[in-house]
Amino acid sequence: MTHFHYDGRSDAPSTLEEELKEEDYFDYHYDEPGSEPGTLSIEPDANPSRIILIDYDAKHAIRRVDLMPKALIPYLGTNTVSWMDVQGLGSERVLKQVGEILKLHPLLLEDVVNVPQRPKVEDYNQQLLIIAHMVRPRPDEDGFEAEQVSFVLGKNYLLTIQEEELEDCFDPVRDRIRTHQGRVRESGADYLTYLLLDVLIDGYFPVLEDYGERIEELEDKILRSPTQNTLEEIYSVRRELLALRRLIWPLRDVMNILIRSSNKLVSADVQIYLRDCYDHVIQLLDITETYRELASSLMEIYLSSMSNKMNEVMKFLTVISTIFIPLTFIAGVYGMNFKYMPELEWRWGYWLCLFLMVAIACGLIYFFWRRGWFRNFYSTKN
Amino acid sequence: MTHFHYDGRSDAPSTLEEELKEEDYFDYHYDEPGSEPGTLSIEPDANPSRIILIDYDAKHAIRRVDLMPKALIPYLGTNTVSWMDVQGLGSERVLKQVGEILKLHPLLLEDVVNVPQRPKVEDYNQQLLIIAHMVRPRPDEDGFEAEQVSFVLGKNYLLTIQEEELEDCFDPVRDRIRTHQGRVRESGADYLTYLLLDVLIDGYFPVLEDYGERIEELEDKILRSPTQNTLEEIYSVRRELLALRRLIWPLRDVMNILIRSSNKLVSADVQIYLRDCYDHVIQLLDITETYRELASSLMEIYLSSMSNKMNEVMKFLTVISTIFIPLTFIAGVYGMNFKYMPELEWRWGYWLCLFLMVAIACGLIYFFWRRGWFRNFYSTKN
Amino acid sequence: MTHFHYDGRSDAPSTLEEELKEEDYFDYHYDEPGSEPGTLSIEPDANPSRIILIDYDAKHAIRRVDLMPKALIPYLGTNTVSWMDVQGLGSERVLKQVGEILKLHPLLLEDVVNVPQRPKVEDYNQQLLIIAHMVRPRPDEDGFEAEQVSFVLGKNYLLTIQEEELEDCFDPVRDRIRTHQGRVRESGADYLTYLLLDVLIDGYFPVLEDYGERIEELEDKILRSPTQNTLEEIYSVRRELLALRRLIWPLRDVMNILIRSSNKLVSADVQIYLRDCYDHVIQLLDITETYRELASSLMEIYLSSMSNKMNEVMKFLTVISTIFIPLTFIAGVYGMNFKYMPELEWRWGYWLCLFLMVAIACGLIYFFWRRGWFRNFYSTKN
Amino acid sequence: MTHFHYDGRSDAPSTLEEELKEEDYFDYHYDEPGSEPGTLSIEPDANPSRIILIDYDAKHAIRRVDLMPKALIPYLGTNTVSWMDVQGLGSERVLKQVGEILKLHPLLLEDVVNVPQRPKVEDYNQQLLIIAHMVRPRPDEDGFEAEQVSFVLGKNYLLTIQEEELEDCFDPVRDRIRTHQGRVRESGADYLTYLLLDVLIDGYFPVLEDYGERIEELEDKILRSPTQNTLEEIYSVRRELLALRRLIWPLRDVMNILIRSSNKLVSADVQIYLRDCYDHVIQLLDITETYRELASSLMEIYLSSMSNKMNEVMKFLTVISTIFIPLTFIAGVYGMNFKYMPELEWRWGYWLCLFLMVAIACGLIYFFWRRGWFRNFYSTKN
Amino acid sequence: MTHFHYDGRSDAPSTLEEELKEEDYFDYHYDEPGSEPGTLSIEPDANPSRIILIDYDAKHAIRRVDLMPKALIPYLGTNTVSWMDVQGLGSERVLKQVGEILKLHPLLLEDVVNVPQRPKVEDYNQQLLIIAHMVRPRPDEDGFEAEQVSFVLGKNYLLTIQEEELEDCFDPVRDRIRTHQGRVRESGADYLTYLLLDVLIDGYFPVLEDYGERIEELEDKILRSPTQNTLEEIYSVRRELLALRRLIWPLRDVMNILIRSSNKLVSADVQIYLRDCYDHVIQLLDITETYRELASSLMEIYLSSMSNKMNEVMKFLTVISTIFIPLTFIAGVYGMNFKYMPELEWRWGYWLCLFLMVAIACGLIYFFWRRGWFRNFYSTKN
């Protein structure tokens, strides 16, 4: 499994297994140096590839699952829209056959299979390759998971290749095709591509919203009870936002290129809809940048809060020492063994001495209290 | 109510209710993933929509309130300027009818209804959509409120859609139409749009001025009596300025596009006026950036002030300890029980010893005073 | 008086009056929300407007002061260059009459009167509006004052509008016209504009030089004897440089537009001269940015110096405590009242004990001295 | 040897020899001031130059080693692709002869020989010069080594010049030519150039991956047991990433220029392949920037961790002192020698006094424990 | 003498004289406000101007020194290349005569004489003005000196104006002309300009290399024995790099404009050579930026090292106090004068008590040692 994988570092120490996974954090796929361009590198633990076909026009819509690549041939070259959905990257033979049937450029196939790649659009004249990533919050934990989805848009067909067979976010679109809802059945493969991209992009919002909430919580924690763990959490939020931004930022270029593309595969009508996607990507970037700025402000405030808290404690302790030091000195004086120390003989000497000590202590406390050295201490506590 | 909502974090702990509101802070509206493009999502607590029509030309001006959408039809297609003002986003049926009557693109209607959106201009040939936000200082508190206003400019009409029914900042324009003041009654719907945008943009200045004053106050506080609350306030100012910038920054692009637009709906004459709006937006950005820079300088100065104050206190306390420690040592020496300690037998031993202690204390105090270790302490206090 | 106004925060606490003035710091003029575009807002304390006319060509040059606006009419439309200098913005009627006579666009007049505006060039075909600010060091104090000067360049005339009647920096140009020095009398109104802009821009250099000197002084102070006041001064320098940059930065665009302008009011010949002004503005920006970078380095060094100084003090005090603590412990041991303590009975016990104490103290001092804990202390002091 | 050379500063102090090498860190080659343009400066310790020729087309492929420059002539001007690989820059005569045979511009030869140069493309019409750097992880140590490789692409030939004779990363390409694998034998010299650039760029990924791992390790160290060495290591990582970025950043421009080049030496077909290289370079930059951001976050966290750790220690020690100071005071009181101190006569006075001391100690411990001053201490340790 | 002048602040306090010089640090020349454009301001201490002529073509080359300006006339308008080198800016009359003979624009002459100016190219059709600065390391001290050199390139002649008569870096070029080495004698004035610019730019490398070495040294100092002086040195390096960047940055634009210039004075052939200069300037910028980044990393590391060192000292001292405080308390207990204290009567009470003290001390030392509070201390020392 080569998808991105971020977990909010929890308080409990993470197990070794998790740490090994984390090494995938910021890496892209890279070819074994010296491998022939166009070589597919199948990961040993990748799911076998399943092919699901949805073929529709205004009048009919069929769905066939677990097809062999050759079974796709009759559906190509017709006027109906064919959505071929390949799930899982485990079967090299299947992927190569699909590539041959659709006449995919070897570099195109390489980008699709050797995940993860940076989001991008590539124009191969007869085909348009769009690479994007689907994100979802991690179940049971903080953080998010990302999975690469590649779109190959051709004349009257759309090929989507997903890293994994797990549930994706495309079900609402499938439902809409089935129930003939909205204008999807009347439109071409480009409109279908738009719908899928729209759903995929909308999936980033709940993930970002989670970060918004985590930042809110961190603000509270920092101002109330900052600990070392808070620091680790801020770092982890910054790091994950960095990773998110790396997925979203190139998506902006992707949308921009699609809107301005002169390739006939994307009609002017759909480009108006894509402007909407572009807006959403801009909003995502906006939010990400804002959160990153807030997270680094939080770092500064954390540092200041920590040092404030610590200083108050030290001040409190030092004030206590300072009150007792003169008293101890007085006790020391009357503990001296000089022969002629008149006070020692006085009837009320001891009581006078005690009274002097209490007076000095009160005087110092009053002095410190006037300067406000106790006040701050309590105000930050409560 | 989905408008932006920022409150200057006050000293008292904010109630849970307020915190829930705050979750709206930096979010844009996003579609339920998988919803059909063009779906309107009406918030349950949105105000029902009211329609107010002002129809005028150089000779007459009428105003009709609480119209049904169908009542608008006779006013369209005439040579008079029709300003249709929809207040509140609660009535889906009303909004859809308005959309049908004016032949609005479903995506346009979506942007108008699903608030908040990022400020932008979209050119739909027959219509121009402008999205902006009206801000006002929050009553009784620090911070500001923002409300989305959408302008749909068509041939001889302007449709404005406001999030809420509350008082807006457009009354001066309404008065000017009623009293036939200035050139508004002689001009078209584009001039009206300019007037409304101008009023809306001018509304940002008092909000920013408030932040200027809060920064001035914070400067004073920081240099006089910095506390942990000051820190929270700086953070809150930075955060709100960040939010303001997010409203103003895209407005610059909006004005820029309008000035350069080749769409006939905006005449060259009005574009000269819009240059003025553009200047104002640039000034707003200028001020915002300056305030943000000042606010982050303040953070540094706060940190330095705090640590200075604390250091001075610690120095004072440590100096006191340091003075008493040798004295206590001397008292300890003469508290020893050795049999042969000649000083103990001296007649004036005790007094000599006390004198020695006083001399040492004075010597140390003089030494510390010469090095200036007391001076700083007092100078920062007063 | 609405001009910018910056004072270097001096040691003495600033009076309330000064603080009220300071509220103008970073504000631009903004219209009363809802006011008709083109409304002139005259400040109550503005000086009444005076008009001074200088009319010249190669053969003659006349100067007339305190003219009524109507008296300007004969000088327009001739082949001589007419420089109309309006000083003070207090007389709305005068300003409006001037506007009518020269056929100024209402928005132009608004920008000229409602000060301060951001520096800019606006091309009204028949007229070119240039807004800039004149700066001078504040008399008797640190800081600088700025005053808006607007240039309206028309065919054979130049209208300058200054905020105040006070002395300006244009006298050398007036002298050159009077004494027929240089090529000014042979040239047109565009050359006059260049001369005035050149003088105005050269006026920024001495102001910036002051900041260079203040930064030099701050460097010395910081490395020798940093105090809290030094910090406030750094902040004040940064803030004023920020304000200066806001005046200079848009000036770059102004010069750039003038050099590239295709408007016939500025001849190609004068554009070569304006390139020189452009260079000067670039140099101003260069210096400002350098000073800002130096000022923020100074902040870091200040913080480090302060904490170094404080740490040395604390170290010194702690070293003293640490020396006495074992001695006090020994004294405590021989102050115990055990019955059988052989040392107490020794003839030289007391002296041995004192000797032990001295030895321990010397040992510790030697140890600390060897580690260099005293050295640093003295080296930073001197 | 003039290649870049970075070693991860290890714990052991680096030897003088290593430090002398390090002086090469960030330097480019520069001409002896005043030397004639085109002068070749051969380093005294450079390897003598070896020439290896691989000449191939679809039908044959030969390889000849240790050729004299003149032996190359027959292979030029044919229709077969000739790859001339010069290894080592030590033989001025050989290099000059090669230059004469291929008619290289003197400045081209200078860039190729006087290493290191910044990566770049230069178009000499008949030839295209591409300068890039090969990197590999240093054996046995952290850090990486870089070696300049220059590509001179001409009609049907490719000249590569490597700094050193050591193993390079081109073997997979050589194998593919030999075994007639992939389309290299059917393609021209431009495709060969692409293959070599691709291999070279892929070689950066494992180097960057090392840094990813070092950052992961640093994260762990910082949160568990930060030391001064950790700091040095962060600095060293930042510095080496800076050096890497300097190699990768200009490579982006190189690829960009090649993709857009209108020079016929690079065919449109190969430009599609070069787009893939461009993507890889973008990904490298992406990763480098992310690592740099992470490394500077780590610095902040390190500083905070260090000061947290230290503060906790100081707090612990101060708490201990604060507990004992009141007890010592009480002991001091009953050590006074007043004649009339009733408590001293009590039968259980001593025990009461001890009980009082224990009670005070427990009270203080409880008080400190309640405020959480012990808790933090233990939580950060474990 | 108005040239730039930077000295690395040495340990010894700089004399007043040096400080006065330093005021020139970041200033450009600016005109006396109000002076006529084209006014030459001769500094009182400027060297008198000397003129040296080198006139050459492929067949001959002559050199004449200390010419009067009029003596230059015969050499102009011929087909030989005339290089007129003016050294020193002290003689206004000479400079003006040169200006008249070569028909220099008054603004050109102003830029040449009123030093220092920002590096730039100005195209006066018949002439091309290039302003650059020659730098050299300061003799005997850290830091560098800069001197403005202006190049006026005309048809078949090159006029260079140097601020000072001192040795320049142009001797290698003079030698090459004299000895007919390279292609200079066959080429025009543009090739000569290229040669001189190349030599001038190459002169920056050794200066930057010095900074590289100073940064290396600072790294060592910081990690071994940071002092306040180290801080001042970092600041001084940053400041001088800032100044260097100000000289190099505009040089990039200069080279860029020259390469793209369509002015016939620079032939296409020489533009290929100038690309090489451009590369060198880019490399200079690269190095400068890298050093600036390293220098600010060093600042952070310095701060952290300092506070680490200090903290270790404080920890050591506090640990010592903490060990003695409980012992002193025990001594205090047995110093109390209660009548009934059974331990005091015990035969081995005193020894038991001493044993208890030693045990407690050892226990604490062991406890602190286990927590690693001594370890760090020693590891950072060595």
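When the chains are written out, they are named A, B, C, D and E in that same order, and each has its own residue count from 1.
One rule holds in what follows: a contact is a pair of C-beta atoms (placed from the backbone, for glycine too) under 8 Å apart; a residue touches a chain by one contact, two chains touch by 3 or more.
The chain list, named the UniProt way, goes like this: A, B, C, D, E = Magnesium transport protein CorA.
Because the structure is predicted, anything quoted here is derived from the model rather than measured.
Visitor: What are the chains that chain B and chain C both touch?
Guide: The shared contacts of chain B and chain C amount to nothing, since no chain touches both.
Visitor: Minimal path length between chain A and chain E through chains that touch?
Guide: The least step count works out to 2.
Visitor: Could you grab the centroid distance between chain A and chain B? Build each centroid from C-alpha atoms only and quote it in angstrom.
Guide: So the centroids are 27 Å from each other.
Visitor: Could you work out how far the Cα centre of chain A sits from that of chain C, in whole Å?
Guide: Going by mean C-alpha positions, chain A sits 43 Å from chain C.
Visitor: Two-or-more-chain contact residues of chain B, please, as numbers and ranges.
Guide: Counting only residues that touch two or more other chains, chain B contributes 307, 314, 318, 321, 325, 328, 332, 335-337, 341.
Visitor: How is the touch graph of the chains shaped: line, ring, star, complete or other?
Guide: Shape of the chain contacts: a ring, since each chain touches exactly two and the loop closes.
Visitor: Which chains make up the ring, listed in order from chain A with chain B immediately after it?
Guide: A, B, C, E, D
Visitor: Using the touch rule from the top, collect the residues of chain D that touch chain A in their complex.
Guide: Touching chain A: residues 169, 171-173, 176, 181-182, 195, 198-199, 202-203, 205-206, 209, 212-213, 216, 223, 272-273, 275-276, 279-280, 282-283, 286-287, 290-291, 293-294, 297, 300-301, 304-305, 307-308, 311, 314-315, 318-319, 321-322, 325-326, 328-329, 332-333, 335-341, 371, 373, 376, 379-380 of chain D.
Visitor: Can you name the residues of chain D that touch chain E in the complex?
Guide: 19, 22-23, 25-28, 30-37, 105, 107, 110-111, 117-118, 120, 122, 227-228, 231-232, 235, 238-239, 242-243, 246, 299, 302-303, 306-307, 310, 313-314, 317-318, 320-321, 324-325, 327-328, 331-332, 334-337, 341, 343-350, 353-354, 357, 381
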